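So, here's a batch of structures to check.
Two complexes, one shared chain (chain A), two partners (chain B, chain C).
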Partner chain A sequence: MKRGMVWHRVAAVLFAIAAAGFALILGSVLWAGLPDLTWHFLASWPNERTGGGGILPELINTGVMVGLTLVITAPLGLAVAVYRREYRMRRAATLNHLRATLLSAPTIVVGLVVYRVAVGWWHWPVSLLTGCLALAVINWPFMVTVAGEALEGVPQGYREASLALGASRWQTIRRVVIPASLAQLVEGLGMAAARLAGESAALIVTAGVNVSRHWSFWAPGETLAVHIWYIRTEGLVLNRDAAAAATGVTLMVLIAVVLWLSRRIARWLE
Partner chain B sequence: MPPEIRVEGLSVWYDRHHALKQVSLEVAPGEVLALIGPSGCGKSTFLRTLNRLLEEGGRARISGRVFLGDADIYDAAADIPDLRRRVGMVFQAPNPFPFSIFDNVAYGPRLQGVTDRQALRRIVERSLQQAALWDEVRGKLRRSALTLSGGQQQRLCIARALAVEPEVLLMDEPTASLDPMSTTKIEELVAALRGRYTIVMVTHNLRQAARISDRTAFFAEGTLIEVGPTRQMFTAPLDPRTEQYLTGRYES
Partner chain C sequence: MRDWTHGGLARGLLAATALIFLVAGLGLVAALFLGAWRFLGEPSALSNLFGDFWDPLRNRYGVLPFIVGSVVVTLGALVMAVPLALGVAVTLAEQRTAGMKDFAVRALTVLTAVPSVIFGWWGLQMVVPWVRARVGGPGFSLLAAGIVLALMVLPTFSLFFFQSLERVPQSLREGSAALGATPDQTLWRVAFRAAMPGLTNGLLVGVARALGETMAVQMVIGGQTALPSSLTSPGATLTTQIITDMTVFPPGTRGHAVLDIMALLLMLGMYVLVRLAERWGSVS
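After this line comes the complex of A and B, so read on.
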């Protein structure tokens, strides 16, 4: 057998193992969670004392926090990426280093720093907005990376053609570069949303592990991912594992829909 | 009448590399000048100094003077967008924007603030006709430019450049990536545009230079070796290096 053939087989076997592992996780969560995943579960409030009940506020909190975070960080990330890529930024290496460091920083550390600053110094309550701040700090290096890759994907020939027609650099960015990279930007946005929806560690300390009866930006805002952690560790109800699994299924479906939707929009834009 | 171009003592450095050495050259109004020479000899660099596109790369250092008509385009007060409107450019690989055919051609006029739909439509039709593409795309102007063939894309790029009514047209190996049929069309187009625009064209195709240019300039190792009427250049070059290059024996 040729060497290339051997490596091909090895790769195929490794892929099969990885796929089987993934299927096992997915299957066991579905197996445990699907029976509990009822309309009532999705549409009712959780029981504060036992950890049982529904997940409606968690669902809303996840959507609101991820959405708000993206609304804040997407333009910022794009702005930084545009400045770095299109304006021959000085100290780009320093920025890259900072971005890479933040990108790989444990999110619990980011959460604790945000807690110290927002709750300790500014006296913000442990709340939805504080959680958003933590998510924004977590997301901006990712957003810069995603936007940077989208801009890199725009052929240099487009920029040159635009400049050669008398466009300024800003006109070139606004009229050619960003429209040409829009599909990739939307896809990146979907990836960021999926990543944020699964964030838990930083939110445990900043947004809290319970929900308020009266929904507010300044009230504690537990998300789906945090809820899973909470009922698995603190829950008292008998079916807590099933409830956690059902929440997990909901979260996975949510993420799958977001990814699918962003990809569809991206294809349509292309 | 299109303007003449006068280049005086033009030098370009990329970091330490001296890419263009004291080039002085004149291009007469309305003529077609072909730039030939081995790869890396500086002819594309020279072309990009004429619309100041070279500076966009950020690495090049330029000295010398370039006059378009009476004005030095490297003067501190020079208006670069206006210069680039007057000096259009067509690139080696067709690079239409990923927009519709209409929006590609209308891009330049829109930059200048033309918003009236009727006016834009007239400009687009006129430019596409000038670029000999109108008959192939009429009725399909809303289609993506990327659905066109390579040769059509290149003619679209020429139409896009013509839409801003330039006086000079720079062409950087415009047929390098095209098949012979498309190449013929572009060459016919250049012949049709002669006289109305001052055209400077880089080409690796010596026969193409012989077919369509009035004068030819031969560059080697960043130096302008020789410039003269194309016929004389191809039959009786003055410099032995030109002759070596034309007969395929030049080694840098």
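After this line comes the complex of A and C, so read on.
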């Protein structure tokens, strides 16, 4: 053994343990879930009483809620980041502390507040839209963060060149800064989608755990992540472990596809 | 007039959005205060609150068991995850090719996006039965929650640690080697020290993630509201107790006000972590 490499060997062993741990987790989910992952499972409705059966409404709910939330929060997050980075903003430090604190806020705290405000004060029902509101509150600080990082990645020289050519600050933002950071923005958007698709705590209290056939924006509905929690802890079907695992495999494939797609689009934009 | 055509309107809109962001964020905390006030305004609220006994039926709202639960589970996860993550980061930083490193960053990023319910499912499937078999009891325990949480924050820690090790200038390592230091000595005395702000920052981000995690912990911790007597006894954390009791106490009740106080405690903890990261972990 080469002298003075003992700690590097220790690190390699720790690496192996960590990799084995993750292989165990992902492997056991795949092992338990793959046999149940059939076309019928993906395309049919769950049983209202036991929670077993298909996951079609959960797939739809996940897509609709994540999509709607991103459509709302992506421009809002970009706007805040642009204003903080590109204009001389007062209270920029306060905004940054608030952003960082909200970013690490437990999502159940967001759920608690959204429940009080939307359900308690505004009399919204526990529903998909209330869930979207909770997701929007969770995602806004995240979008501000990833957009801020993307803007930081644009070389200062680009801005100066544009301003020196007589462009206004807004023209510089629109024609130079945002196009130059677009690839990173798209990748950030993909990360946000992955993060939202995996969200469960806030949605359990704001969007409910309903598995009935009635679908509406004002009706309760669960996402894939909530469904995993629901059938594994409250479900009554016999094969609930396998059904939860199959839902988990679906969710992880969905997340992987979203991340891969956003990466591909970002590559193409570069 | 000219100012409007050159983006004055756009600037106004951006400023308004930033203002709404500030108001919404502060409003979130304000809403918690408003809810918490109903309880905080009572006589001897604090002595009730920081008691070690939770029994809403008898008017006892001690949140100490949950604070202890949160701290113990988070510390347990740290003790397991930090050495593993350091091992991962050091091993990856040793890789010579840029392609390997790029792949490692991508893989770790994807792993940070694995939903918490997946970890919860695995905890129920393997960790809880394992604890039950080894030490007896229900298996649902602080220990099980710590193990699940450790694996959950491992990618986050690894990613931050790896990136801060990568930022250490190669010339520092080479200088250390030229002075006759072994790779181990270079690692401990040069690389770790030079990367300390980044490592601290990653540590604090991971702590925030562990402290705020709800579902993965809720699924395996057992939800017992008494002060836990040992690592292998069931317990509850601040976050799991909020989600368990939200259905029990509707807004407006005293119990819900206590949940708001617990949420405020969590937000205060996050704010402290953010300020500490700014002070000790500023990566520049």
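Quick notes
As a working rule, the second predicted complex is superposed on the first by the 254 of 270 C-alpha atoms of A that agree within 3 Å, B and C clash if a C-alpha of one lies under 4 Å from a C-alpha of the other, contacts with A are read in each partner's own complex, and residues count from 1 in each chain.
To be clear about the criterion, contacts are C-beta pairs under 8 Å (C-beta built on N, C-alpha and C of every residue); 3 or more make two chains touch, one makes a residue touch a chain.
Just so you know, these numbers come straight off a predicted model, no measurement behind them.
In the superposition on chain A, contact of A:40 is made with neither chain B nor chain C. Of the two partner chains placed by the overlay, only chain C lies in contact with A:32; chain B stays clear of it. Touch criterion met: A:24 reaches chain C, while chain B stays clear of it.
Applying the stated contact rule after C-alpha superposition, one finds that A:88 touches chain B and leaves chain C untouched.
Of the two partner chains, neither chain B nor chain C is touched by A:267. Counting residues of chain A touched by each partner, chain B versus chain C, the larger count belongs to C. Touch criterion met: A:171 reaches chain B and chain C at once.
On chain A, the surface patch touched by chain B in one complex and by chain C in the other comprises residues 168, 171.
Chain C contributes residues 6-7, 10-11, 13-15, 17-18, 21-22, 24-26, 28, 31-32, 35, 83-88, 90-92, 94, 106, 109-111, 113-122, 124-126, 151, 154, 158, 181-185, 187-188, 205, 208-209, 211-215, 218-219, 239, 242-243, 246-247, 251-252, 259-260, 263, 266-267, 270-271, 273-275, 277-278 to its touches with chain A in the complex.
The residues of chain B lying in touch with chain A in their complex are 51, 53, 56, 58, 81-85, 88-89, 91, 93, 95-99, 107-108, 111-112, 157, 160-161, 164. For chain A in complex with chain B, the residues that touch the partner chain are 88, 155, 157-168, 171, 175-176, 179-180. Contact residues on chain A toward chain C in their complex (touch as defined above): 2-8, 10-15, 17-19, 21-22, 24-26, 28-29, 32, 76, 79-80, 82-84, 87, 89, 91, 94-95, 97-102, 104-113, 115-117, 119-120, 137, 140-141, 144, 168-171, 173-174, 191, 194-195, 197-201, 204-205, 225-226, 228-229, 232-233, 241, 244-245, 248, 251-252, 255-256, 259, 263.
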